[in-house]
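Below you'll find the structures, each written out as structure tokens.
Two complexes follow with chain A in common, the first pairing it with chain B and the second with chain C.
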Partner chain A sequence: MESLFLQQVLNGLIVGSVYSLIAIGLTMIFGVMRISNFAHGDFSMLGAYFAIYFVVLLSGWAGWVGSLVVAAVGVGLIGFFVERFLFRPLLTRWTDIDIIMLSIGLFILLENGARLFFGAAPKMIPDPFQSKTVNLLLFSTSEIRLICLLFSCIAIFLLQLFLTKTKTGVAIRATSQNRNAAALMGINISYIYSLTFVVGSALAGLGGVLYGTIFAVFPMMGAMPTLKAFAVTILGGMGNIRGAIFGGFILGVAETLGGNYVSMQYKNAIGFVIIILVLLIIPQGLFGGVEKK
Partner chain B sequence: MKASIQFKWCLLVALCFTVLFYGTRIKAAEQPPIPVGILGPFTGSLAFNAEEMKKGMMLAVDEINAKGGLWGRKIELIFGDTEAKPDKGVAAVKKLITRDKVLVVGGGYASSVNIATSEVCQNEKTPIVVAIAISPTITSRGFDYVFRTSPNSPQFLAGVNDWLERMKKPKTVAFLMENTDYGRDGEKIWSALSKKIGAQELAHLYFEIGDTDFTTQISKLKELKPEVTFNIASTTEAALIQKQAKELNFVTQWIGVGGQFTEAYFKMAGTTCQYAMGSSLEPTLAMKNPVVAEFVKRYEVKYQKARPGIFSSQGYDNIMVIMDAIKRAGKPTGDLQVDRDRIRDTLRKTSIELTQGKIEFDKTGQVYTVVPSPVQVQLVDGKPQLFIIYPPGRAGAPYQAPLPWDKR
Partner chain C sequence: MNRGPFKLPLIIVGILIVFAFPLIIRDRYFQHLLVLSGIFILLTSSWNLLAGYSGLLNLGHAAFFGIGGYSSALFALKLNLSPWIGLPLGGTAASIFGILLGIPSFRLSGPYLAITTIGFCEILRLVAMNWVSLTRGSLGLYGIPPLTPFRFSTNFSIQFVSEQNAYYVILIFVFLTLILLNRLIHSEFGIGLESIREDELGSQSIGIDTSRYKLTVFMISAFLAGFAGSFYAHYVRFISPEMMALGETFGILTMVMVGGLGTLLGPVVGAVLLTFLSEGLRFLEDFVKIDIRFVIYGGLLIATILFMRNGIVGLFKKVAKPSESNGR
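Up next, the complex of A and B:
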């Protein structure tokens, strides 16, 4: 019984690490630019397809690690153009609702475009370990899952380092806290917007590769991560990066434990029950929203 | 200046007349096609399977149109996307019936959708021939406009059940299935069988279409150690379950319905699907049959390098049955209701030899002549292949019991 509990916690942490990675991008973009990007999960989907095509060129270990880089750079680049030519012109002129509609439109466009270009057949990013199992005393999992967990943690750690230790990172956080004051301090706001969107998208791309390696790649794959990322973001506090990190792990573990001990049928509903409860009881989220203006 | 504008106007009017004149002439020369509506989840997570069905259907239509169609009129398939959601399916079928004025509706995939769409067809007095969906409900409501070319779930699983009862005799079983009519109908049948053979039912676990993480469910199953696990899932979910079972080091005899064994399934699951079982009508398993061999050959010519799977052959047969009924109903009169009723009447008398076997409908509109066999995935030179394993007369290979992962 204990081993089942530990096994489920581990399963939850692995899935949760991918949720975190995707949610951080979402929450950063929201925090800095006040954009609720419903197409965020589809950037993950694009990242996964970048990987699918890259591993054809280079197989094995190098291919897999390379595909992470390619996905991050590729999706980051797409993020740059999307921000520059779609969101930025609207940010000053249009209302929040328009921007949400734009992101929903983008989500539909990307999904259907992907079906057209890549085909509807589900694919998998080849696992360099060939699903080799790791059997520990109390639980088992595969090597690639552990690597994915490790990779997400490293990416999250590096991002934290960037945001707290570098000048640019501090500028991003400052903009998130108070746009006008940051501008008065001489921070180039449009540069920060662009950078945030690129970094956020790149993280989504990375998350997509991890997701596509342990799960599957198909044009509709972005929808679930988007919803989960919103659940995580609301749980941790909109715009709060630390909230997104812990929120992702909490959601992952809550889902697996809830599925195991409460009801398997409502496993996916747990995230949404959390959203409702958090909004009712602690609307600012577990870790508070964007820090005080 | 004024004159030149007038001249331009004259030119424009003349142009319009020319277009109108030639337009109508071209239209008169070519007969309008015979419209047939096809439902299917062409977008969404089942889109890949719907594409397979469509490929089989297009092969059938091309075959007929290449011979000049029927009464000099081409057959036109009009596709309606159900997204595997009942509400979208109802909207799509209503459009096909009222706006596109189709004579008959074919296709369909996913039981929950077809239960809803077939009721619409019954109310609108339009015959529907369901291609892929196995819930018994579809043909058991006394609807006289509803037909189905796919076996229903009791028929589909009869072979596997026979094998379980006489050969495998499991003591413990568990269920892992889609939370839809497809999953729950299979669950009902296998639950009844388990009671009959005295097997203990350890767990009933569900998941949603489009789920990708099954580690919670599999971890729980691993704790319970069922001898046989019934896994009622489609391609993507089934392949992911096989892969994640390996990652979590869980061994059981997986038994699915059979719809999951598509090309994409084998590509995704790789060797992890070894020993998985199901009940199937895979055309490539019955290549000795000349009708099937001919179908496979033509399919491989039309879609380079692609092997037809169960859905392509079900799609092909579905269209062939519909075409056969339209043909026997005689030249359309132009009165939509008369034509639809005539087609319904001829559908009842269908008797045609196709890739899934002979197709004849019983009183409820259910095909009763198509018999699926229990199949198992076995490795040949490290490559997964499907074999019929029972009954001995039809078997292509003997049953192999699943080995622990480290011994495979």
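Up next, the complex of A and C:
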């Protein structure tokens, strides 16, 4: 009984770490640019497909790790163009509806475009460990899942380091807090916007590889990470990176425990119930969000 | 839409043409598309009332469509209720859920409301998927009775199974809806809604009860969408939880954006255009072996926002006199 509980918590943490990774990108983009990107999960989907096509080029380990890099760089590049040519022109007429509609258009385009190019059948990212399992003291899990947890924690840690210790990182956070004041301090807002969107997209791509390793990869997979990331973001406070990190783990654990002890069918509803409850009771989220523009 | 009165002769000619459609083109598939367009007009117009006129970004509109469809279908299947009673009942059921969604809109706006509404819709879809004893889950409900015929005497009755007669029924509902919406948006209530969209705090300060307005508009919109859902259920006679999928809402909003957000005729133009366009593009499947239509939906939506912010109707308004932008 106890070990089952701990087992579920571990599974929740593994899934949750991936949610965190994807949600951080979403929350960064929202915090800095006030863009609610409903196509965020589709960047993850693209990342997962990049990985599928890259991973076969190198054998085993190198292929899997290499695919993480390829996905991050590839999706980051796509993010750069999306920001520059789609969202940037809307900067002057900045209404919520325009932005959300644009991202929904992107969502429809990417999802169906992917079906066109990659086919509708689900694919798997090959597991370099041949699904070996490890037995820790109280629980067992497959090695690849532990590696996923490890990699997303490393990525989150590096990102935190970047945001707190480098000048550019501090500039991003400053822009998120107050755009005008940041501009007055000599921060190049245009550059920060580009960078934030690229980093956010790259994180989504990276998260997509891990998500695709744990689950399956198919063109329609993007909606789930998008909605989960929104749930996480709202739970932690929109625009709050620390909130997204904790929110991801909380949602992951809540889902696996809820799926196990409450109802497997309604596992995916937990995120939405969280969204509605948090917004009705504590709209600013657990850790406080950025102020509304 | 222009504020002045309609140009009467133009309207009459338009109505005559619209009525003559199924008589001129006898192809049943074409008539089927006309009926679908009519259902979509109800959906797009009701969504437009929320997003376009009131600034309430509802991304869970498919939930109302689904609730209308499921409640009407279940009334007919389990209680043998006449579909004609089921239609308003489906709308009423949806509008009760409209209240549920209206309450969060008191405090939330923009992306927050959008995400809440998605969550609401997804939860309902999961319920429809998993409450197997009632809804048969993802298998869907089939064998839903069609609209029962009107019997005037033993040898004269009007059937509603054919596409043509279904078209006339939905056409009447579409006209009623458009007349109702036209009056609504030009009434004090409609102007109040627009003022809430432009400046919520300002509206409160001049004495508009924003909560009551939002609740009412959610109920009206949900009723129309639920009604469309009921009609759809009795027309297609099969419904599944996919009715409440995210893509369904996204299709509706694409139609509205392409047609023209916040205009009376925009949703009409968008619904008819995209319904027929997506069928007209089916020939492309022969070349690319896959459904390319939704790629075009996405592309159209993006292009509209980037280059044609006010949609087709907005474009017409710019180049022609407003009254000439009459879509059909």
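Quick note on the criterion: the second predicted complex is superposed on the first by the 289 of 293 C-alpha atoms of A that agree within 3 Å, B and C clash if a C-alpha of one lies under 4 Å from a C-alpha of the other, contacts with A are read in each partner's own complex, and residues count from 1 in each chain.
The rule we apply is simple: contacts are C-beta pairs under 8 Å (C-beta built on N, C-alpha and C of every residue); 3 or more make two chains touch, one makes a residue touch a chain.
From a predicted model like this one, the values you see are computed outputs, not experimental measurements.
S.K.: Give one word, clash or fit, describing how chain B and chain C relate on chain A after superposing.
M.R.: They clash.
S.K.: Under the stated touch criterion, which partner chain does A:Asn268 make contact with: chain B (first), chain C (second), both, or neither?
M.R.: Touch partners of A:Asn268: chain B and chain C.
S.K.: First (chain B), second (chain C), both or neither: which does A:Asn112 touch?
M.R.: A:Asn112: touches chain B and chain C.
S.K.: Touch check for A:Ser140: first (chain B), second (chain C), both, or neither?
M.R.: In the superposition, A:Ser140 touches chain B alone.
S.K.: State whether A:Arg84 touches chain B only (first), chain C only (second), both chains, or neither.
M.R.: neither
S.K.: Applying the touch criterion given at the start, work out whether A:Gln7 contacts chain B, chain C, both or neither, answering first, second, both or neither.
M.R.: first
S.K.: Go through the superposed model and pick first if A:Pro122 touches only chain B, second if only chain C, both, or neither.
M.R.: Touch status of A:Pro122: first partner only.
S.K.: Taking the superposition as given, does A:Asp98 touch the first partner, chain B, the second, chain C, both, or neither?
M.R.: Touch partner of A:Asp98: chain C, not chain B.
S.K.: With both complexes overlaid on chain A, does A:Ala216 touch chain B (first), chain C (second), both or neither?
M.R.: A:Ala216 sits against chain B, while chain C stays out of touch.
S.K.: From the superposed pair, tell me which chain A residues show up as contacts to chain B and also as contacts to chain C.
M.R.: 112, 115, 120, 223, 265, 268
S.K.: Residues of chain A touching chain C in their complex?
M.R.: Those in contact with chain C are residues 30, 36, 86, 89-90, 93, 96-98, 100-102, 104-113, 115-116, 120, 223, 227, 230-231, 234, 238, 263, 265-266, 268-269, 271-273, 275-276, 279-280, 283, 292.
S.K.: Which bits of chain C are touching chain A when the two form their complex?
M.R.: 51, 55, 57, 59, 104, 107-112, 114-116, 118-120, 122-123, 126, 129-130, 246-247, 250, 253-254, 257, 261, 288, 290-292, 294-295, 297-302, 304-306, 309
S.K.: Hey, which residues of chain A end up touching chain B in the complex?
M.R.: That would be residues 1, 3-4, 7-8, 11, 14-15, 112, 115, 119-124, 130-131, 133, 135, 140-142, 144-145, 211, 215-216, 218-221, 223-224, 255-256, 259-260, 264-265, 267-268 of chain A.
S.K.: Across the complex, what residues on chain B touch chain A?
M.R.: Its residues touching chain A are 43-45, 47-48, 50-51, 179, 205-208, 210-213, 215-217, 219-220, 222-223, 235-236, 239-240, 243, 246-249, 263-264, 267-268, 270, 272, 405.
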